[in-house]
Structures are given as structure tokens and as C-alpha cells.
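Below, each structure is written out as C-alpha cells.
Both complexes shown next keep chain A, but they swap its partner, so chain B is in the first and chain C is in the second.
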Partner chain A sequence: MNQTKEPAVLDIAGLQIDLPIGADRPHAVANLDLRIRRGEMVCLVGESGSGKSLTAMATMGLLPRVLQRGVRGTISLAGRDLLKVTPQQRRQIVGREVSMIFQEPMTALHPVVNVGAQIEEVLKIHRPKLGAGERREQVLAALQAVQLPSPEQISRAYPHELSGGQRQRVMIAMALILDPMLLIADEPTTALDVTTQAEILRLIKDLQVRRGTGVLFITHDIGVVRDIADHVVVMQHGQVVEQGSAEAVLGNPRQDYTRALINAIPELGSVRPEPKDLGPVLVRMTDLRKSFTRRKGLFRQERFDAVGGVDLTLRRGEVLSVVGESGSGKSTLARCLAGLTVPSGGQIVVGSDVSQAAGSRRQRQRVQMVFQDPNRSLNPRRKVGESIIEGPMNFGASRKEATARAAELMELVGLRPDSLDRFPYQFSGGQRQRICIARALALQPEVLIADEAVSALDATVQQQVVRLLDDIRRRLDLSILFITHDLRVAAQISDTIVVMQRGRIAESGSVAAVLGSPQSDYTKRLLAAVPGQKHSFTEIEAND
Partner chain B sequence: MSDIASPAPMRRLQLDPVTIFGLAVLAVLVATAVLAPWISPYGPTDINPAARLQPPSGEHWLGTDRIGRDVLTRALHGGRISLTVGFLVGIAVLCVGVVLGLLAGSVRWLDGLIMRVIDGIMAMPAVLVGVAMVVMWGGGLWALLIAIGIPSLPDTVRLTRSLALSIRTEPYVEAARMGGTRLPMLLWRHFIPNALAPLIVIGTYVGANAIVAESLLSFLGVGMPPEMPSWGNMIAEGRLAFQIAPWGVFVPALFLTATVLAVNLVGDGLRDSTDPLRLKSD
Partner chain C sequence: MISFLLRRALATVPVIAIVMLAVFLVVHLGGSDPARIIAGDSAGAAEVETLREALGLNRPLPIQFLDWAGNTLRGDLGSSLFYGTPVVDMISVRIGPTIALAIGTLLFAVVLGVPMGTFAAVTAGRWPDKLLMGVASIGFSLPIFIVAYTLVYWLALVPGWFPVQGFTPPQTDFGQFLRGMTLPIITLGAFYMSLFARVSRAAVLDMLKEDFVRTARAKGATPLRVLTAHALRCAAVPIITIIGSSFAGLLGGVVVTETLFNIPGLGRLVTEAILKRDFPIIQGVILVTALIYIFVNMVVDMIYALLDPRIRQ
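Let's look at the complex of A and B:
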């Protein structure tokens, strides 16, 4: 860390944001000090609800109206206190000197305007003197700077025509075209695949170092922090628990909370012990296919294989992870097994019963699923107890039996049995996921599918739920099909890993084999992209 | 299944003053319509040739019409017809429309069939259909209800269908399907409770429109029989003496406007207070 006398780009001192009366705590953010120098990358880490996004919003002046009145302290941008100037002045300063990129680039871009015009609009507002030709040139240069191939073509494209990574690059181009002093990035890679995430992180790091932009990078992923941060600020319940240089905080954390956050990130190396003897084959998929037809143009249709000929076996008591990037067909595979999607071809046999049409009521009972989004996987208008007993009652259990069983299951998943009478909104995301596990177990399945079941959870909660799944597997001798994009989580829980790419299996084998000595290039690329290994960015820093 | 009808978030209904005002107006209108025979010393069809076209006075608070009937009395009695029509059409359209919309949104082969019929209904001008039906069936309350109800079906069906299409992909619905819940129960337990809030709102909207439609058809002479004190009939008749006795038109028009406004205010209030975004924030 170079401690020069240069004024900080952003200097937040004693920031406090009050929450409305009746919230679970008095302040969303309390007594926050944070300083970003030129060309410095400050990572703000914390779990959801820790106040990290609100800090960014307060800086941008984008707080919801209810919170705006309760902001105290100073937020100075290059020496000017943004909380003291008029709203008009603030808009001007922030518009010119601060840019922000968001988690979901699809919703942050205007869907019916081509991206070139969207970037140009920024120039029109903030550099009104530029001529049309100059503007055009700058837009193309910006697209070039974010390493998009053929900027001409990209500038004419609409957001839906680009991939997630390309859209995020466009957002970055838009954010940097005015050469702002400060870039705020709020979980900019959370919605992206690992390989794309690695590229975007490298790009942001590169721009930070070369242009000297100060970056406030908000994330919940310690792995990402390890890759890019100069300075780390750890937040919990609206307060800074620990801050310091990246090496100090990550290498030698002083607070328990920081240690918990760091330990919650499974390391790729921490492969679980070689599998115990697995039971007989429980699920056998042969040449499973699922194709969809996409409309292309007015009359043409295009078939595309989401799953194109997959053979897979799952043994009793085995945890099999299917990993791959989005669009690799892993979720479609899971939905075929769950009976939620009818396969276009091939066979799925569960146990010894050969049924081509997966999804008979009988089979459904044997295969249950836990879904990704804890906010949507429980009916918001039904008590959670009702959701848990619904399945067993469909299959003939009496209400009394089913309720008694539901209470046992609640205990099994680590929740109080008396909370069966509550509604989903009274639970946290992790608790809801536990309830979903209880609901799935209520039907006494033999196979449990977890479709990105921990992806939406904070790292520490994620770890708890993964442990719970593993514990349940052992106790009930379940087989688990674990669908994830996160190799680190897969390494932690599985016996076997199947890597999927474009609807086919690229590689499969035991965890140690696949992660230890990957054979296919695709697996190698996925592994290299896993954040937290601190290898891919060293050359950039050396250039500085 | 009583457990379904108790969505907890709905219990904490917080109504804003405007909605409460709407409810109050509606309550007064309903009460005066129900109690009309006891409130007013006159009958709605009592003719008094001696007191024709009298302006508002202590005896006739809102004046009399061409054949000496008390305008206020008739307007109060007219509320009975209008509110009944609005309520019945609202309920009936909601019931039929929700069933059709849910089926269209959840059973693929029924979707095309139901929606094409609905498109057909939308293509016909509502007033003409109403007139034709009433003429065909010879008037009366039931013919009127059907004539008003059918043209207002499409909105409800289309809204329900679109709600069903988005609810269908919710993981909790998929979880229920995996738990072996069959379609009727799936619709009853999962679709309807989660679509309820917007449906109640469209129900109020359909009701308000039905009240207007009834007045319109009566005004055109194909609604309730002319001697019946419906607001539409009163406006149609008052029109003839408008220059001498404008209260004959204004009074029923005012009742009509107040009713429709109150119903819409209540509908908007319900929509706002059941907005999931508001519920989540606490």
C-alpha cells in the first residue's frame, strides 16, 4: 500500500443510514468509514443484509426515499461532501465522476435500444459539445477497450443478442466512457458463469490499474476478493467488523466473523475422503435427449438440443454433482429426471421399474427436488406446514400422520417443529431452503435433486445447507443429484462429478479424478476460472 | 378447505384514507338503497299529477319528474337495481372468467379454444351485443345480467390466463406437481390464492362497468322496463324535460357517478394494499 498524500477519491466518514421504525435493527449502516484512493480496488464484503449495497446506493444518491432522510455523516468525492450539495449539483457531480455497474446487465440495459446508442447517450448528456462523428469514435473506442470483438457490430446489437458476459462488458464500457474517478461495481459477476466471471474480473482489474480509477467492488464471494482486492472492508449487520489491506485481512483475519466468511468458502483442494462403498445403481439414464424448437425469424424454426444423448448412473447413497456453465443442459437433465420435462428421447430408469415416460405419479414420489430460489419455492399464501404435508396427503396419509411427520422433519432440518404454522415470509432464505428440503423428504424419496439449491444463499448459510444435505444423505441413505455451477461446492459434497458442456458430458469421474487431474480442456478451463486462486491476475499487476 | 382462505399477509390490510372514503360512500349508497322504502314517505312509482316538475323543496328534497314522482325516492330505489346488477355481474364474471382463464393458462389444448372464443367476443361491440340479446330474450333482470356480463368476460379471462401462465412456472407449483397434486387441487391451492389480489381488483372494475352498462342499456330503452326506477331509465326520461327540470337528469347521474367512483376507489385501494412489494417490506 502506497500511503501518499493524494486526496482520496472517495472518503466516507461516520456514515449512518437509519432504518424506519419497526425494522429489525435501528441502522442499516452505522458508523462506516471507508476511503478509496486513486487506482485502488476496495472490496466491500458481507452477507446479504449487511448494508453493503445501501452504502453504494447512498454514494450514488439512489437510496429509496424512506431511507433518504436518515442519512448522516459525510460522503466526500474528491473533497466535496455529496451530502451537503443540492440534489442538482449532486446529480451532475455523480453523473460525471462516478459510474456504477450492476449484478444483472440484462435489466440494467435498455432492451429496445441498441447498445451503441445507449453508450452514446451518456456522452450526449455529459459531453454536449462533442460532434456526432467524435461521439461515434469514442463509443467504438470504449467497446474496444473492454475487449469486445468487432465493436462496429456490437454497437448495433440489442442487449438480448449478446451473451451475459458481453452485456456486462457493454455496461463497463458505458461506465468508463466518461473516465470517472470512481467505479462502483455491485456484485457485477454474480450472475455470470465462472469462466466469464474470471474474464470480467480481469477486465475490471486491468482498467483500474491502467486508468487509475478507484473501484468500490461489492461482493459476497471471498474468492473474488482474494483475486482482485487491494483493500478489504468486511461488513456485518451494517457495521464494519474489520478492514485493512487484502493480505492482512485475508491472510491474518482478526475477527471471528471474517474467519467464518473465509472458512465458508470451500477450497477446491478440500476434496472429501474417497467414497465409501456405494449401493446398487438406483437411477440409470440411457441416451437421454431433450430438444427444444426455437423460432428463428418469422417462419424458420430451429431445433436445439438442450440435452443431447446423456448416459448417467446414480447409485444408492451417492452424491453426484452435475457442473457446467449456464446453457450446458444440467438443469434440463435434472428436470427430466424430476418428471417436470418430458424427454424427447432415451430412457430413465429409477430402481428396477422401466418407464419410458418419466413422471408417473409413482416415480415422482421417489424423486424429489429442491429448487434454487428460496423466495419462490414455497407458496407465499400457505403455511409452511401445509406445504410439507401436501405431498404425503396426496398419497393417502391422514392429516394427523402427515403433520406429525412434518414436525419430525422440521427437527431433522434444524428448525423448530412449532414453526409449521408460520408463513414463508417469516423465514430467512436459508431457513426456507431447509423447509424445502423437509418438503422433499416428506415423500420419503430415494433420490433428491438439488437444482442450484444453495446458489442463492450466502457463503456461511450455503455451507450449513450443504452440511445438512450431506448429513441427511447419510442418515436416510439417499442419492443426491446436485446441480451446480460452483465447482467449489461440488468438490465439497460429491462423490462423483459430471461436467456438462452444450448438452453432453464432457467428463465424469470421482471428485479426486476430475478435479485433481482433469482430462478435457473444458474442465481445465472451468477449474482455472474458479476465483480465489490468485494466479491469473499477477501479470497485470506486474505491468503497472 | 378453510386453510387456503387465510393468507396471512392479507390480514394486515392497511387502507389509506381515499379507500376508506370510497368504502364509506359505497356503504351509504348500499344502506340507502336497501332502506329506501323506509327512508322515503313516497313510493317509487307514486304519481302525483298535481306536483309535476317541481324544483327541490322541503316536500320533495330533490324535486319531482314529469308525472310528479319524487326524484330522490326513485334514485334511492334505482340504487337497488344498479348495485344488484353490479354485484351480480361482478361475481358471475369473476367466477366464469377465472375458471376459463385458469383452464386456458394451464391446459394447453384448451388454451387455443378458449382464447379464440374470447377473441370472438372481444371483436363484437359490447353495446350492440347487449341490445341484441335483450331484444332477443325480451328484457328482465336475468337477460340484462347476461347481456352485460358476456362482453366483460374477456378482460377477466385474459388477466387470469396471464396470471396462470406466470404462476405455472413458479417452483412451488412444480414442487406441488412433484408431490403428486393433481390439476384441480393445484389450481385451488396454488393458483387461485396467489392470483386473488389482482382478481379482486378486476372484479370491482367489472362491477363498476356493469353499473354503467346497465344505465346505458336502460337509457337506450332496452334495459329494465321503463316504469322501473333505474338510473338509466330516469336519465332517459328526465332528458325530455331537461330544460325545465334538470334535476331529473342530474340526480340519477350523480348517484351513478358516485357509485362508480366509490367502487373504483375501493378497487384501487385493495390493489395497493395487497401489492406484494408492500408486503415484503415489513
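Let's look at the complex of A and C:
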């Protein structure tokens, strides 16, 4: 349309953010041009480290002091250069004319203040003349606008009392209460379940269209882009490699990098090709239960079943994915199998040896686990080699044997054996997860549990790690219990899918059966919520 | 909230019972024979035995404990073996100066230390931070008697601004009471001020890195508001933890300070009692100190609950 007449809400021109000397590249962001018009949703995509978050931070004036000094170019908000305003002027702009929501609503909210007061703070800062009554009314209206049930009650709740989706709605209410012309959303749905993600995306899209807010939406998920974007900007190593309308960029990408990003998100239709022959049953869970107690009042306690009677078998060489929303009990199930928590009832048998209780020493060695966040599951002060050989040495291997085996494992997971002497911070996230896999394999387990093991990784890295897991499974004849909330990943690697809801199995079966013709409403809802994939279900049905 | 406070208050009951048992056992299994001490060096074995019977010390320990516990709960801590005065009376005379010194020290340390640490955190890595943390390191490492005698020499002996030692009850002359407490409070407080400064610095620095502080900035909050309403509000829990647990050390540290400045407090009372094996006094003082400590901890926990809703559950 007529671009010149319509003034841009945000116009970033020639933005450059220098990195401190000694970093892996001179500029975090170089030569960035970006325009957002009124009511336009612009998606900024790229892998982690591509500079997309720093662009957002520079706009908000939230860059760390070291980086703040090396910012050049212009960032104009409705014609006003945000890089030239005084700190006082900036404080009047942020929160009112441009506001931001973040990836992790739990940590982004003040933990010890109720959410009503946190939203009210925006009014206190920017509308000092409002009376307490008026502020209260506006807060409740804002909570209403983000479709939270019973705003009165929610406004008095603390962040830890709300669900992830509710917290993000509170953040959105806080960001939009003064009707800013620009909303910056930095991976706002990455930490959420698929179904919650779909709801939040719909909410943001809806508010953006209705209020005419310009939105800068940062994500690494092409599926999300497909669902909401008007315009797409692709970043790599701090530079824009491609930009254009959503249809143009997604439908006809010109750059290899864009194509790689698009291909890294597995289609739900890309079910593993040939169903393979599975070995004998290796793990058998019968009526597994795990309940926790919560305190209610002075003496009363409330029991709730995290896992409420699950029967499950895992065959040798099988990849079984357990999917479900958070709180569905999938991680508790995994922890019971790994012996990290003691079940309240039921039985877990690994192999044919009934006498071995879950969690016994012998079983711990047979069942190993890879966790979600590789940054936190490796001891930062130990060399990675030490972390890998610790397990075998606990089971009687000599240091020499264990180290030799660790070197082999490093090669198996695609890392150089001589990096055993390095510390975790010297590796990237994907490499660290490979190290965690090597650590788990060091005990020569028969079952590998991957608990959201790829969820914290970028799509492209995610794909590599999933391929690695499958490759290792084939070479070592392992069984894998794959815990994930991402159906797309589950579809890519699994033989069998178990859908869990509120501690029970809602549905289970082969990938083609569960994803192709889901029986339970819950599975159907999960599938419908997967971003950007709505057209691919028909293919699965055709193959079935 | 009410339920949390009630539960927390009830939780002190078993602790008090255990403390009473421990206090009783420490003295009675301590190896010294009270009857022997009271009877004096010149007494013969028969005399000691008669005395033992008269004092009820020959009864089985559980009976003695129940007897003592019963009396204690009625507010009777027995009488001093040497002076014959009731222990409760002796403690109530001596507790005033100690409490005044302890509370004064805590106030001094908190009022100076927490702002010092907070300011250091805000200026982390720059010169105010380095200066303040340098001061804190000195306060942290100087032995208490060096601080005391330096202060006495330069502020009391030479200019005569403060009394060198001694204690004036506040009801007699409040101004003189304050002047008398100043040097002991600084002496004892220098260490705690440094401790609180360092803990506050670390806690505030951690909080400033948190996501919710970034959110506050994104709302357009002023730096002062970000610091007080957001960072300090959350750093309060670790800071109060250390203030609460410092109280135990403080009650111990009081002994040295009271001796240095000749303040007639609990610390002096118990040191004298230990030297004379006056076990009812020792028991009484330990018990009272323990009760104060239990009470302080309870109050700290209740403050937590006020500050942090997550703790209420």
C-alpha cells in the first residue's frame, strides 16, 4: 500500500551494536533496518545469538551498560529517536508508548507482590494523577481484556499461584494497559505448552488487530511465524539476511539460512518412514502411581495424584514419546523410572528381574536420564570429562578405563575427545546437551530417558540432537523414553506415542495412529494447537 | 497467613522442651558435683551426703528434671548457691543492659550496614563500591578488643566525650545511658555492620540481575524505584535471615564487650557463675538466652511470611 504516507510506528535505521573486544564477532547487530507500521505484526526470526533480542533491548533502553555505549544508528518511535532522548524522557516513553513482554513470565513478574499491584505500578508511574479507585478499575479492565477469568481474584494472586499462561496474560495486561503504539514480544510463548501457546498467540494477534498496535514479535519458531506474521525479518549473526511479507519469505525463501530455519521445524506429517521390528519388552510399568501432599489450612492436607495409575511397556530399541501439557505427570513418570523419586504405588520392572526395585543401584545404571537444561545439568566448576567418568567410577571402573570410554563417547556424540579437559561454559548449548548424552551413556544403560532434552535448544540444533539420539539408539540398541511437550519433535523420532493428561494416559499407540487419527478430544486439541501446521494432517491420514 | 503464624508459634513448643532438657543435662552431666561445691572444701563426706539429700540431688535424674521443669514453668529458676537470691531476680536485674546493648548493636549495624551494601551493589565495580567494601573488610577482620581500646583512647580518654566504662540505667539519666552505650555498641557493631553490608551487597546485586527488575525498567520506573520497590524488596529475605541468625552470635559477643566496658549484664553474670560453679544461675541464663533466641527466630520467620507470600504455604 501507500507506505510513504503511513508513518512508521517504529523505524530502525542502520542500527549497530558493538560487542566488547574479545567477543567472537565485532558487532552483535550490524546495519539493521526495520520498519513497523500501525497495526502491523513483524516477526523477527533467527537462532539464538543472532541479535534479535538485543535489537529489542536497544529499543527499550534495556541493554547492559557495556553494550549501551556501542550503539549507533537510529531507532525512531513515531518520529522520535529513542537513542537521543535523555534517561528521564525515555522513562516516560517506555511502559506507555512502547512496552515489552518477555519469554519467562514467572521470572519477569515480581515474585512477592500481587499481580494487581504490579499492573497498577504502570499507572502509578505514568498516570500519577489517577486516584486509587480509578487505578483499580483500569487494572481490572486490563485483566478483563486479556480474558482472565474473575479479574478481582486474579489481581490479588501472586505469580506463583497462577499458571504459565495466566502469568503471560498478566504480563500482556501490564504491557497494554496504557495502549502503547508498539508492543515488543520476546519469545513470549516459548516457555508455554502448545495449547497455552496457541491461546496466547491468538490473544496477542487479536489485541494487535483490534487496537492497531504495532508488534515486534521475536521467535525462533517458524510455525509461530506462519500463524501470526504480516512481515518477516530473518536475522543471522547480527545481520538481516532476508525480509519481506510472510507469504513471500515462508513460501519462497531466497536464502539458504531461511530455508534451513524452515526445514528445521519438522512437519507433523514427517513420521519416521519404516516401522521397525522391536525387541522384547524391557520396561513394564503396572498401575504406577505417585501422589504428593499439599498443605491446606492449619492441619488439613490435600493429596493429589501426579501420576494416577499408568500402565506402559517399552520394548528394546523402541522410542516411546510421552507428550502432554505441563502438570500432566510426564516428568514425574520419568523420574519414577529413573529412580529419582519413589512411586507411591504400582510396579516398574526393568528386564525380567522382578526382584530389582526401581531406584536400586543396579537399576540406576540401566536407566539413565538427560535433562532439559544442559546449562544447569552440568557442574560448572568441573571439567566435562570429570562429569562423564564419575558414574562409571562409582560403579567400579578405574579412572583409566572410564576416561578411555569417555573419549569414545565424545566421538559417538560428535565432539572431539580432547575437549574432555574443558569446562561446560566453553561449549554451546547444543554441545552441552551432547555432553549430557555422553554422560548418560557412560554407564552403558539399556534405557535412556530424555526429559524435554531438546526443548531448550534452537530448532536447527534441536533437529541435530534428535538425529543424534536416533542414531545412538540404533547403534547401541537402546530404548528411549522421550518426554516432550512438542508433538512435532515426538512425531519425528518416536515409534509409539503416549498422550498424558492429569496423571493418566489419555491415548496411546503408534505415531501414525495417534497423530493421524486421534481418538481422544485431548489429543485432538493438542494437535490443533501446534503452530503453523494445520495443513499437514491430511497427509498422515492418507498414509495411514 | 493466620494459620502460618499459629503453626509457627506452635512449632516453638517442642523446641523449648528440647532446650530445657539440654540445659538440664549439660549442667547435671557436666561432671562437677554441686553438693561438694556448696559444702565447701572443709566439709567431710558425710556432710556432703546430707547436703545432697537436702537439695534432692540424690534422686534419679528424670525426677530431678521434672521437678526442675515444673518449677521453671512456674517461673521459679531456683536460687543462687552462693548468694541465696532467686535466679529470676538476678537475671531480671542483669538482663536490661544486655538487651539494650544487643538491640542497640543490631540497630547500629542494620541502619549503617544495609544502606552501605545496597549502595555498593548499585555502584558495583566502581570506586564507591570498592571503598565501602574496603571499610567492611576492615570492620570484619579487626579483633573486638582492638576496636574497643582504640575507641576508648581516641573518643573517651583523650577528649573525654564518652565515659570510659560503666553503665547508667536509662531511668536514672537517659543522656548518660546513651553516652555510655555508644562505644560498646560501635565496638560490637563494627563486625555486624560489615557483615550486613556484605550480605546486602550480594543480595541486591543478585536481585538487580533478575528478570523482574528488567520488567520494572521496561515499565519506566525510576532507578530509585527499581532499587527499593523491586530489588531491595526481594533482597530483604536473605538480609533478614542473616540479621536474625546474627542475634545468636551477638548474645555470645556480648560477654566480651560487657567485660571490656564493665557493663553489669547477663554475660558478666554467667561468666562469674561459671567460675563459681553456681549452676542454677548458669541454667537460668542459658535458658533465658535460648528462649530469646527461639523468640527472635520465630519473629524472623513471621517477617519472612509477611515479605514473601511463597513462604506462607
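The criterion applied here is as follows: the second predicted complex is superposed on the first by the 524 of 544 C-alpha atoms of A that agree within 3 Å, B and C clash if a C-alpha of one lies under 4 Å from a C-alpha of the other, contacts with A are read in each partner's own complex, and residues count from 1 in each chain.
What we mean here is this: a residue touches a chain if its C-beta (ideal position, glycine included) is under 8 Å from a C-beta of that chain, and two chains touch if they have at least 3 such contacts.
In this text, all values refer to a predicted model and were calculated from it rather than measured experimentally.
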item: Clash or fit, chain B versus chain C on superposed chain A; value: clash
item: Which superposed partner A:S245 touches (first chain B, second chain C, both, neither); value: neither
item: First (chain B), second (chain C), both or neither touched by A:S398; value: neither
item: Which superposed partner A:Y425 touches (first chain B, second chain C, both, neither); value: first
item: Touching partner for A:V122 - first (chain B), second (chain C), both, neither; value: second
item: Which of chain B and chain C A:G339 touches, first, second, both or neither; value: first
item: Touching partner for A:S377 - first (chain B), second (chain C), both, neither; value: first
item: Residues of chain A that lie at the interface with chain B and also at the interface with chain C; value: none
item: Residues of chain B that touch chain A when the two form their complex; value: 3-4, 7-9, 170-172, 174-182, 185, 189-190, 193-194, 196, 276, 279-280, 282
item: Complex contacts: residues of chain C adjacent to chain A; value: 3, 6-7, 210-212, 214-222, 225, 229-230, 233-234, 307-310, 313
item: Contact set on chain A toward chain C in their complex; value: 60-62, 90-96, 99-100, 102, 104, 107-114, 121-122, 125-126, 158, 160, 171, 174, 294-295, 297-298
item: Partner chain B, residues of chain A touching it in the complex; value: 22, 338-340, 361, 364-365, 367-369, 371-373, 376-383, 386-387, 390-391, 394-395, 423, 425, 436, 439-440, 442-443
